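Some notes on the structure that comes next.
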Amino acid sequence: MPYVNIKVTKEGVTKAQKLQLIKGVTDLLENVLDKNPATTVVVIDEVDTDNWGIAGEQVTTRRSKGL
Amino acid sequence: MPYVNIKVTKEGVTKAQKLQLIKGVTDLLENVLDKNPATTVVVIDEVDTDNWGIAGEQVTTRRSKGL
Amino acid sequence: MPYVNIKVTKEGVTKAQKLQLIKGVTDLLENVLDKNPATTVVVIDEVDTDNWGIAGEQVTTRRSKGL
Amino acid sequence: MPYVNIKVTKEGVTKAQKLQLIKGVTDLLENVLDKNPATTVVVIDEVDTDNWGIAGEQVTTRRSKGL
Amino acid sequence: MPYVNIKVTKEGVTKAQKLQLIKGVTDLLENVLDKNPATTVVVIDEVDTDNWGIAGEQVTTRRSKGL
Amino acid sequence: MPYVNIKVTKEGVTKAQKLQLIKGVTDLLENVLDKNPATTVVVIDEVDTDNWGIAGEQVTTRRSKGL
């Protein structure tokens, strides 16, 4: 029954990588808390790098600096 | 003043259906908790089926199985 | 499979009222979008009135003004 | 370490305005709570006006009424 | 830089289990997407069973039925 | 009409500091995007330090190391 929301920047995450995240989180919740995988929900949000800020600047800017 | 976030998979929800969800939730909060409709906010997120996981798999995969 | 998050101020919502919200939202999603109630998840967050702001002030303050 | 999520309607917010929001929130958290800007994360969500409801109607409709 | 929010019912999750969730998710994001663990943020919300609904009923009720 | 959610660790944030955050964010959205303060909603979540992870460890642990 857990609900997990993963937010990452939108930088080419593939369908296969998304599946790995979904499976990995679902397994983790089963292993640690014995949660039934059948009702574990995972939602992945991909956020434009202009819309994600850290340290007071946009990720777009950080990427252009090689960060 | 309530804030409601509805997440559904992005599978052709129409503008009219979105209005029904917004009106339905706003009415529900007025009926149950006497909340003023004027300040009830509803935000609908439509999520790509590759980005929504349940039971450790992507909804895209479940749809292709007829689930 | 929808996920709904309802945020309201923490002002004595009863267990029965929470059930009405959960049932109401689940029914709404079935009626409007034909979503299977078995996998509709609803999470209600009750927020302290000091922690909820609207119009630049705390709800605690608004309540003391009779708003 | 704070995490801030700003949701606004998708109505032409520029990259420069997003930066102002990111910088403004990061500064605010440093000034008020002495939070280290290096680890303050800000995520901006732009929501389609069909998907944002207030007072039981879509923002799209309100805009067409000049609200 | 990812942000992950895990919501589970408030049913005695220990501090050590929370650490396993935090470490597990941080490792997963490093392994799958090469994300720097130093800036991966994980927030766990524990939700009262009265406030969590699935299939139109409260988890409190489901637990009393042995579900 | 914006909705802002601020998550910080639960470490003694005062009612007055919360008001500063609410006012600061509301002003920022008016200044940058000309948003009407009357309908700007701000919700502050205070999260237990056991439930907040960064760099794969709990904030509780980081605090005990003086981080």
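By written order: A, B, C, D, E and F. Residues from 1 in each chain.
As a working rule, contacts are C-beta pairs under 8 Å (C-beta built on N, C-alpha and C of every residue); 3 or more make two chains touch, one makes a residue touch a chain.
Remember, it's a predicted structure, so these values are computed and weren't measured experimentally.
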**Request:** Sort out for me whether A-B or B-C is joined by the greater number of C-beta contact pairs.
**Result:** B-C
**Request:** Averaged over CA atoms, how far is the centre of subunit C from the centre of subunit D? Could you give it in whole Å?
**Result:** 21
**Asked** So which stretches of subunit C touch two or more other chains?
**Response** 1, 3, 7, 21, 25, 39, 41, 43, 52, 54
**Message:** For this structure, enumerate the chain pairs that meet the touch criterion.
**Reply:** A-B, A-C, A-D, A-E, B-C, B-D, B-F, C-E, C-F, D-E, D-F, E-F
**Prompt:** What residues of subunit F sit close enough to touch subunit B in their complex?
**Reply:** 1, 3, 39, 41, 43
**Message:** For a test of understanding, state which residues of subunit E touch subunit F in their complex under the given definition.
**Reply:** 15, 18-19, 21-23, 25-27, 37-46
**Message:** So in the complex, the part of subunit F that touches subunit D is made up of which residues?
**Reply:** 1-9, 13, 17, 20-21, 24-25, 28-29, 31-33, 35, 39, 52, 54, 59
**Message:** Applying the document's contact rule, which stretches of subunit A touch subunit D when the two form their complex?
**Reply:** 7, 47, 50-58, 60
